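Input: a single structure, listed below in structure tokens.
Letters A, B and C mark the chains in the order given here, with residues in each chain numbered from 1 onward.
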Amino acid sequence: MPIWEFLETYGNRLASGTLVTMAQFGLATVIAIVVALVAGLGKMSHNWLIRGTAVVYIEIFRGTSLLVQLYWIFFVLPLFGVTLPKFTAGFLSVGLNVGAYGAELVRGAIQAVPKGQWEAAYALSMSPAKRMRRIILPQALGLMLPPWGNLLIELLKGTALVALISVADLMFQARQINASTFLSAQSFGIALIIYYILARFGITPFMRWMERVVARRLGKT
Amino acid sequence: MSFDWRWDFAWEILPRLLAATLNTLIAAGIGYAIALVLGLVFALAQRTDYKILTFTTREFVEFIRSTPLVLQIFFIFYVGPQFGIRLSPWMSGMIAIGLHYAAYLSEVYRAGIEAVPRGQWEAARAINMSTRDTYFRIIIPQALPPSIAGMGNYLVGILKDTPMLSVIGVAELMHTANSIGAENYRFLEPFTMVGIIFLAISLPVAGLVRLFEVWVRRKMGVR
Amino acid sequence: MDMSIYPLELPEGDRPMVRFMNVTKRYGTLVVLDQLHLDIAAGEMVSVIGPSGSGKTTVLRMLMTLETINGGVIYVDGQPLTHMEKGGVLVPADERHLRKMRASIGMCFQHFNLFPHMTALQNCMEGPVQVLGLSRDEARARSEELLSLVGMIEKKDQHPSRLSGGQQQRVAIARALAMRPKVMLFDEVTSALDPEVIGEVTTVIRQLVAEHNLTMLMVTHQMGFARDISDRICFFFGGKIEEQGAPADLFGDPQRDRTRQFLSAVKEAH
């Protein structure tokens, strides 16, 4: 079946799958950012309980694979009384997984802010919270954007796994189409291309734009 | 809470899981070996004078890095038969993982090569060394130590990505756990133990990579 | 450590603006400051000179509570800085006490440390608004007044990356003054500047000395400048004050061998 006919017939399903993928991506990103901030800051805390929790979380989610975490959250968590709908289990797992990597990026960026900035804020007698919020984090943001760009692409790729718990995303649709038509090159090929477009022409330009915005705010135009 | 961990069940399934772990390690090992070599090919191909080769390789590598591995696995496994080539799950899996991680490693290699100071190239040129010798005797040995950390990360990454092979039926750890779970209607023990086994593998491997990096630096006289 | 020899508060008749009483600082086994006694009177301008490793920068940093002390007590305006009262005795200060006391001490750094994501004006307003609780209007008025004082009012909406070193340092001085500190500390504020802009900064400091009765402590390598504007020079060596006195005396007729050696070495360098 030539490509145009294929798109005409199955375009809707691929499109709806893409929308689901984008939704998963957006929600997982929110979770990842929040978790990365909390765990990244937590790992630098003086309180051993907070620091310990952050370290345990980071090591577990970085040391095991996303697929294992996904299955665990979807199949095992219900046994502990926490039953999540598959859509939620999907973006939650991806978000928690990527958040663990993000936490290290956050921590690295905060530690890369020049020591003189800490001292200047200190000399002005700022409280630690104000100092972090108004002086350190804004500068750390500029430092962590480039690696976050790569991380978000990994996140996008991670969302493909939610198809394995039957969330009707792009990969799920591609598999369905393949199962009924055996047109593997077309179904999987187009799916690959769509993911590529989302990453290369969606995420990457967006991150570059953010980097420019932040650089301008740091007065570095 | 309606969970109860059954140690007897856990003990019972352990041998099967451990056997599957072996498969996981083999899969990861072969995939990594392919990636190590192919990655270098990709990296060098992007540094040639033939614009077409450089460009196509670059785009190809970008494409592979930006798209999901699991989808690539499906593609390679299912596309073959569409054109008459039957690939076994193992073969498709190895090719997919090898290609995917070759793309990652090519970036690590490129960064390492580019970090070698310009002066090294010029010195090699001055003694009339061939390009190939320059690469293999001068540049790559210097590009290696800083690259080890990145290469090690991807070794751990490959280990953690082997579960994706379960979707095409490769009998590695995740697949086996899934089967056990489905057979016995109990997922708690298999999945938890899989998680623990992965931690038990990846954490020491990460540690070994760090040690290896130190050893390489010392051997190459780099501090 | 017997803290009873240190008063909870300096008595009325004996209250210099800054008092280092028996202050010791150690890094492991290395003694950086050795039972230092130093008084600085209100409105006095003291310059600290000495070879590197003599402990002079540490004195400043301890006053700014950027470093902890291992012995003795520092008093600012009669109140203990490094310690606080608890149940009638002096105990090491907690973070809250330090933060309260720190607000009356201002510091300018060698590398300016302006906040890059804020304009000059915003840099100056930051302390008053966030720490002192001033309204934005009050803070702005105060900051603009100070920026005028240091000659930077025209660049108030520029980011630090657009300013030269001398300009940044002047903004840094305005920023520190915006907190209306009782004591101003200058840590080698001209050492990172190109020679041609050092004058901008020293002019501002001269002005501060002449027109305002601030208590100031300055660590510097600019001997001529220190000689011109200081009320007193302290020469540090090996963690102790080797010699101190009025500039004319210390520079003109140094009493100690080490002082003489240092001064002649510095003269040769110029």
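Operating definition for what follows: contacts are C-beta pairs under 8 Å (C-beta built on N, C-alpha and C of every residue); 3 or more make two chains touch, one makes a residue touch a chain.
Since we're looking at a predicted model, the values are computed, not measured.
K.L.:
Based on C-beta pairs in contact, work out which chain pair has the most and send it over.
P.N.:
Chains joined by the most C-beta contact pairs: A-B.
K.L.:
Quick check for you: compute each chain's CA centroid and the global CA centroid, then name the chain with the smallest gap between them.
P.N.:
A
K.L.:
Just the number, please: Cα centre separation of chain B and chain C in whole Å.
P.N.:
A distance of 56 Å separates the two centres.
K.L.:
Between chain A and chain B, what is the gap in Å from one C-alpha centre to the other?
P.N.:
Measuring from centre to centre gives 21 Å for this pair.
K.L.:
Take the average of all CA coordinates in chain A, do the same for chain C, and state the distance between these two points in whole angstrom.
P.N.:
46
K.L.:
Once bound in the complex, which stretches of chain A touch chain B?
P.N.:
59-60, 63-69, 71-72, 75-76, 79-81, 153, 156-158, 160-161, 164, 171, 174-175, 178, 182-185, 188-189, 191-192, 195-196, 199-200
K.L.:
Quick one: which bits of chain A touch chain C in the complex? Just the residue numbers, please.
P.N.:
114, 116-117, 119-127, 130, 134-135, 138-139, 217-220
K.L.:
In their shared complex, at which residues does chain C touch chain A?
P.N.:
64-66, 99-100, 102-103, 105-107, 109, 111-117, 119, 126-127, 130-131, 158-162, 172, 175-176, 179
K.L.:
Where on chain B does chain A make contact in their complex?
P.N.:
The touching residues are 1-3, 62-63, 65-72, 74-75, 78-79, 81-83, 160-164, 166-167, 174, 178, 181, 187-188, 191-192, 194-195, 198-199, 202-203, 206.
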